[in-house]
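Structure in structure tokens, see below.
For clarity, chains are labelled A, B, C, D and E in written order, and residue numbers in each chain start from 1.
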Amino acid sequence: MVYLVPLFPLLGFLLNGLFRNLSKSLVSIIGCGSILASFVISCILFFDVRSGGALPVQSLFPFINIASFKIDFAFQVDQLSSLFLLIITGVGFLIHVYSTSYMHDEKDEHFARYFAYLNLFVFSMLLLVLGANYVIMFIGWEGVGLCSYLLIGYWFKNDSYNYAAKKAFVMNRIGDLGFLLGIFWLLSKLGTANYNDVFAHTAQLSSTDITGITVLLFIGAMGKSAQIPLYTWLPDAMAGPTPVSALIHAATMVTAGIYMVARSNALYSLSAVAENLVAIVGIATALFAATIAIKQNDIKKVLAYSTVSQLGYMFLGLGVGAYTGAVFHVMTHAFFKALLFLGAGSVIHAIHNQQDIRYMGGLRKYLPVTHITFLIGCLAISGIPPFSGFFSKDEILAAAYAKNPVYWVLGVIGAGMTAFYMFRLYATTFLGEFRGTEEQKNHLHESPLAITTPLFILAVLAVIGGFVNVPEVFGGKSALHNFLKPVLTTENTFELTSSKDYMLMVVSVAVAVIAILIALAKYIKKPELGEPKGLGKVLANKWYVDEIYNALIVNPLAALGAFFKNVVDKSGIDGFVNGVGTFIQYSSRRLRLVQNGKVGSYILMMVFSLLVLWCVFWNQTYIVDFFKKLF
Amino acid sequence: MPIQYYIVLASALFCIGVAGVLIRRNAIIVFMCIELMLNSVNLMLVAFSKMHYAISSAGNKNMPVNTGTDAQIFVFFIMVVAAAEVSVGLAIIVMMYRNVHSTDVNFLNRLKN
Amino acid sequence: MNAIIFSAGWGIVMMFCSFLISNKSSFRHIAVVGLLLLLVVNIMDTNGHAIFNINVHGMLAYTRFGLFFNSIAIASTLIYVLLTGKDIERLGNYVAEYFILIFFVLCGVTILSSYNNLLMLFLGIEILSIPLYILTGSDKRNLKSNEASLKYFLMGAFSTGLMLMGIALMYGGTATFSLDVIRTETGLYKGVSFLEIIGLLFLMVSMSFKVSAAPFHFWTPDVYDGAPSVFTSFMATIVKVAGFIAFLKLCYVRMAATSTAIDWQLLFAVIIISTLLFGNITAVFQQSVKRMLAYSSIAQAGFMLFALFSLNDFASKGLLMYSAAYCLATIGLFAVLVKMKDVTFEGYNGLAKTQPVLAATNAIFLFSLAGIPLTAGFLAKYYMLAAVIETGNYIWLVVIGVLFAAVSVYYYFRVIQAMYFKTGEPQTETITGSFKFGLIALAAIIILIGVLPQYLFNWLYF
Amino acid sequence: MIALLLILVPVIGGLIALFIKNETAAKPFALLVSIITLIIALAGVYSNTSSQLHYDTSWIPDLNSRFTLGLDGLSKILVLLTAISLPIIITATYKNTYAGAGKFYGLMFLCQAGMLGVFLSMDALLFYFFWELALIPAYFLCSIWGGEKRIQVTFKFFVYTFVGSLLMLVSILFIYFKTADHSFAIQSFYHADLSASQAQWMFWLFFIALAIKMPIFPFHTWQPDTYEQAPTAVTMLLSGVMVKMGVFAVIRWLLPVFPAASQSNSSIIITLSVIGMLYASLIAIRQDDMKRLIAYSSIAHIGLMCAALFAQQKVGLQGVLIQMFNHGINIIGLWIVADAIEKQLGTRKFSELGGLAQKAPKLAILFVMMCLANVALPLTNAFVGEFLMFNGLFRYNPIMAGVAGISIILAAVYTLNMIQKIFYGNTVALTESAHDSSFNVNAALVILVIVVLVFGVYPQPMINLTQEGGKLFISAINFR
Amino acid sequence: GRICTGTGFKRKSKSKKRTFLMTATEILFWILSALALFSALMVLVSKNPVHSVLWLIIVFFAISGHYILLNAQFLAIVNLIVYAGAIMVLFLFVIMLMNLNASVEPQKNSLIKLAGVIAGGLLLFVMMEAVINANELTNSQAAMNEGDIGLIENLGKVLFTKYAVPFEISSVLFLSAMVGAVVIGKKE
């Protein structure tokens, strides 16, 4: 019954996609229903796994079955994947419900198209998670990339959106290339891509192999999970409808990289190089994105960069071997980041697609539910106990400390920045006075039930989500940890004295709280954000990374293409080819003048040719030798 | 007489003929030079015939030999053919003269390139 | 022997007809009858039924090869007369005489295909040439025709002079005119006489002249261009090919024998390259199809020279193959060309629209000349290349030849482009149904040979 | 018998079609013939009785060349492609009007016959015959019904390929004389004993012909012009099938006949191919003309095939075998859309198009599908092929594979460019009045999309089909 | 006259010794050769075609003289009759008919003339090479005024036995020449 999980979204996609002019209500029912169905099944599966351990690998049919290797279209449901199934289908369902109302203004066929894309996305994501080998994972991997492309460019009339979509796809493609090469490496060394076989035969791989494979795979993760240097697509991806951002660019797709690394922990744990790379890239991204987030004015951009930064945290966790922590954070992050995005969506919805926080403020009284839930989200992401974010982030930081205190320090700084920009956002959006136009003000209203319900549910999850993995220090028994143990075999276990552990927590929380207070103090006093200058300007312009990329990679390539097209191809190669023809014509025009129509000269030439023949004969030996040498 | 003398003489005549063909423009003179070439060939052939005759007769003294007759017959045929050629050639030259009142080989020069 | 006597005899018969019969068109029919008869007796001869048993004293030697070539030549002439006979009649009031001369030329051809003595070679060449001087000039009021015949005559006579000098020197070296010399290792003529080599050099030149191999080809374009198209067709095909057969025999016997002292292959390589060069390159820029065909005939000669270059089984078979393919295609092309009022490339513009049959058949003939597969021309070229490759060395020569073949496509396809892809109002003479039928039949033969050459090859064992 | 029928039916059908005067009669007839051919091909693909699949009769005993046709795993896949492509092409261009449609379709069939012959023939001389036979009709098709610059462009195409094939002929002849029994039979060719240096020379003579046909990097310039000028139906045939002749010939003839030489030259050729991939992709990014863009993308894809072949890995070979089919299907789909757009709006310039998705949603969806196949997205047919080919290349040389891999990124760039510039964005003056594609176009595209998805999700049948061909090739390599 | 026998070396040494005692044959040989060459040159240089013809006739006479020296009387006679008699008269006749007297012929420019001379000279050189390299000739003689192969009796016998076929075939040549002359010459 595993195959049912992806089957329902697929059906939903086909129904909504092929019959384009269904009524909105029907579309919504199909769209949400399919996800709900697979959610139910996922739950069943989850509890099966919980009780009976991982299910056996189910092979549907041979996908590529040739002499050198055999790749099945197989599904693998174990602790890890079942957990992700829950997250995907659960959060996915909520967001579908949310979308029914959020996208209600769209034309019928576009509405259907939207849900078709969304279902297709869920399908590919499930494929990614369920796949029992890297190839199937890669199929889902590129599938989700495609869906994000389609959904970012959902409003295809707007060219800038299309560019954003294209950028997302291409950057993902860069990562995918790395992923693909990694798979090739695996196949050429082990002749298999099944997780179980690979992890069983890691012994056959030399250290270089492992490092190469893991690094290549991680490049794939960089692309998908928006890590330095391939992160720039994610903020632009905010061009898509907000629910999409919530689902794809916050809750699920971007965590695919974490899933992949966690899934192949057996490999990563064998290569120190790879682990450090992951950790460093992770922490670097976390800080870098956080700095940028501080100066963004677009509500979704802020959230986007915070997502990038949070993903950085997760990779930090992976890098330091706290796989559970990372997965844990994925879960909690899914809750609160989805919550935040949906909240932002509700806000945007309320004030007619205004996304700039400079023209918001004082929404507290207009959107109470949104306000509360959003606040919860902020607290959760800032890591304030007892909200879910606290537990997951704390686990990562603790592991980081155990690995290398420097990581921890940086992590805490990042946490502080996170708290700061989140509450900057909160304050400028909900507190103070409304700074928008009058008629916007008049239309301000709380969003309908279809929007608020998901907010509410997610809020609840964001609050209690953390308790699934209460660490021992609080007398918890880190349930998730134990649950995932069979998969995350190489989790590196560290011992911290409980006092030190407490100390770490206190410090991080304190930093967060201080940051929050500063933010509130700063932005309640003067919520108007002036033009940034100095460093602020640089941050506001995202460290000019896009510009640098354009200058260093995009434009040179374009120029090269133009050079090839206009110079090398036209004048160079084709010029040469045509040149041969022209040369023959020219020589023809010259040579025919020999035929001057005078008998005398004809005979003269005959006589001379006779003499030439004579000379050839006279020197025949030399000439023949010459040719012998030549050929 | 040493055969070389004859070869040289005939070749000389031949080459004079060739040169004549090359440097004269009057079709008739050119044609005459060609005839001169033919005659030099004839002379050479006869010389060779006698040379081979001498050789083979030296080979066997007592009985008469007729080596070299072929060459003289050949000369005879050359003359025959030359006569035929002359009749046609002169006819052509006359035809051309009728049309353009010239026997200059370069006068008609429409066919070129 | 049959062919020689009958061709000469039928010529004389027609001489009498010429003043007995006044109706022009009847001569054509008589000629056709004669040619058929000729074909029959020749095939009889091929199968060993000689009508006259004459002691030729080794002047002539009959090989199956030569006789088979006779059949090809006669058959081609037959097709030629059938296709273009009418146009010969449009050429003044000496119709009978033209046919007579054609028969005499055939007599020369048959001599050349079976000569075994330099004297016969000389006579054959002359019998071949003298009627051609006249046919070239047969359009008496036309200055081009006059010029052509004068040039042809003067240069022809000159080359005859060279040939005779060559023969004389060879005689000096070997004391005989017969082709097969008894080369004793003892006595006077031991080894290879230098005189003979020089003589062969002269002979080579004059034969190259006859087959219009560069750099002795200069007469060809002018003469072919100036002569009346109907006779150009005849000259360019049967006569030229006959020259090749004679040359081939010379190579087989004398040059092969002297090859110890002189590397004939090298000399031929020089001649081949220059021939391909002059023929192909110069043809590219021509404006008149007729003159283009003249140059193309030089180019084709370049390919036939491959046979003389590599004297092996492929060579002789291939030369026959080539002569058949080349004759048929060229005759067809000229048959169409004669019907065109304007023989420049522009004259052919849009022929496919007005005269689809002419255009289609013409295209097939051109394909054959260009050596596109499924036509006889391809197999012909194939054999030539094969012959050279079989000799093992001079592969680069093959590559060069192939490249020039590609160049040849350029000018052949210009005609096709004109006929099919360009628009225009081509002016043609009135085309009779029978003429179209003849063309189609000719094209069919070419295709047949190209697809199933075996039917031709079954004859080719000798 | 089937093998013979496969050639006879198009030939006869074509010859008949040549003489059909009026258009209304010609089109149904053409469709009929093509479908009959397809049925025969399917029968051939699914039958395993060698008496059916092989045909052998004396042809030119004098040259020791026989009329030998054989339908093995290698040729089956391509025969299938050839047979499928024609009905689709005819359907897709059913509404186009050609002056003298009868001749048009007649020539199409002759061309098809030639290509089928190339794929089937097991005799070198026969192979060469069909090789040329396929070329001539294509030449006429392009020159008569092509665009305004057709004559020069097509002539360039013809001469270019003709030079190549003549060089190939020289090589074939040379090998012929080196075979033990002086025959053109493929097996004796595989056993011909050439000295190393000879093999080198002949290898290059042979390869150049194929390189021009495929085309490989420095020999490619004829292709964009020809594809641009030729009538789209013909372009489909050329790019969909004829290009495969080159790849096929490499597998069937070049590698087995010159194993050593192909080994020693593989690095050069792979480098060339990879350069060509990047080069073509970069140019494609800068194209403003839809047809030229597709042409260049085709060059890139073919480059990958060639590289994968000369990597000489079983995996890569397997990929090439199925990719030949897939690439044919995909590119035909792209051409169909290009044709539909050009026929409707009269331009192929991106700069003059835009926002078509609003006016022609069906076309947009189908086109996007084809494009995804073109960028080898998983679950489209191309993915499997490229996956295997890159895999083979990787086994040959990881760095090379990495460099070549850049082209899949670039492919995404130019393909998405194309989609965006034609279908997305706001409508422009030209596309304001546009309407959706006609039924026949949709039908053809839908068929293609189904093929794309089916073989994308479940490629195993095709793999099984080609396994045999792979074996043949591998064993041939192991001969000496 | 005297019959030269013996090897060329002896002869040469003899002639070296007593050059003042040349035999009549030798004297005649040298005179005739000189005459032939001189008048052949005159054929080229003389402006007036008629003169060229006359010079050419003299050349033919000289050559006939050589034939007689070589004891080929038949050819000598035929040469006189056919060439000097028939052919040259025909030439003369045509020239008269067109009254091409002196200097109607436009001269070629001297460059071409030079080229022609050079070509002729080089050709001569080539043939000299042949003579020098043909070592079998070093000491071979052309039998002067002896041997009866050149007599009509012998020639006739051979001509009508061994050479009957070519003889007959040459008639075809004459026929075609005749027809040709008619076709070309006759007024329309």
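The criterion applied here is as follows: contacts are C-beta pairs under 8 Å (C-beta built on N, C-alpha and C of every residue); 3 or more make two chains touch, one makes a residue touch a chain.
Note that the structure is predicted; figures quoted are calculated from it, not measured.
Contacts with subunit A and subunit E are shared by B, C.
Seen from the Cα centre of subunit D, the chain whose own Cα centre is farthest off is E. More C-beta pairs in contact connect the chains of C-D than those of the other pair, out of C-D and A-B. Core chain by CA centroid proximity to the global CA centroid: D. Measuring from the averaged C-alpha position of subunit B to that of subunit C gives a distance of 27 Å.
Work out the mean CA point of subunit C and of subunit E, and you get 34 Å between them.
Chain centres here are Cα averages; for subunit B and subunit D they lie 67 Å apart.
As a whole-number value, the distance joining the C-alpha centres of subunit A and subunit C reads 77 Å.
Of all residues in subunit B, those that touch two or more other chains are 3, 7, 14, 17-18, 21-23, 25, 30-31, 48, 51, 55, 67-68, 70, 73, 77, 81, 84-85, 88, 92-93, 95, 105, 109-112.
Among the residues of subunit E, those touching two or more other chains are numbered 108, 112, 115-116, 119-120, 123, 126-127, 130, 137, 140, 163, 166, 170, 173, 176-177, 180, 184. The multi-chain contact residues of subunit C, meaning those touching 2 or more other chains, are 119, 123, 126, 130, 133-134, 137, 140-141, 150-151, 154, 158, 169, 172, 188, 197, 221-222, 395, 410. Pairwise chain contacts in this structure: A-B, A-C, A-D, A-E, B-C, B-E, C-D, C-E.
Residues 108, 112, 115-116, 119-120, 122-123, 126 of subunit E are the ones that touch subunit A when the two sit in their complex. Of all the residues in subunit C, the ones that touch subunit B in their complex are 119, 122-123, 126, 130, 133-134, 137, 140-141, 143-144, 146-151, 153-154, 157-158, 160-161, 164-165, 167-169, 171-172, 175-177, 188, 221-223, 225-226.
By the touch rule above, subunit B contacts subunit E in their complex via residues 1-9, 11-26, 28-29, 31-33, 35-36, 39, 42-43, 46-51, 53-55, 57, 64, 66-70, 72-73, 75-77, 79-88, 90-95, 97, 103-104. Contact residues of subunit E toward subunit B in the complex are 4, 8, 11, 25-26, 29, 33, 36-37, 40-41, 43-44, 49, 52-53, 56, 59-60, 63, 66-67, 69-72, 74-75, 78-79, 82-83, 86-87, 90-91, 94-95, 97-98, 100, 105-108, 112-113, 115-117, 119-121, 123-124, 127-128, 130-131, 137, 140-144, 147-150, 154-155, 158-159, 163, 166, 170, 173-174, 176-178, 180-181, 184-185.
If you check the complex, the residues on subunit D that touch subunit C are 58-62, 128-129, 132-133, 136, 140, 143-144, 150-151, 155, 158-159, 162-163, 166-167, 169-170, 173-174, 176-177, 201, 205.
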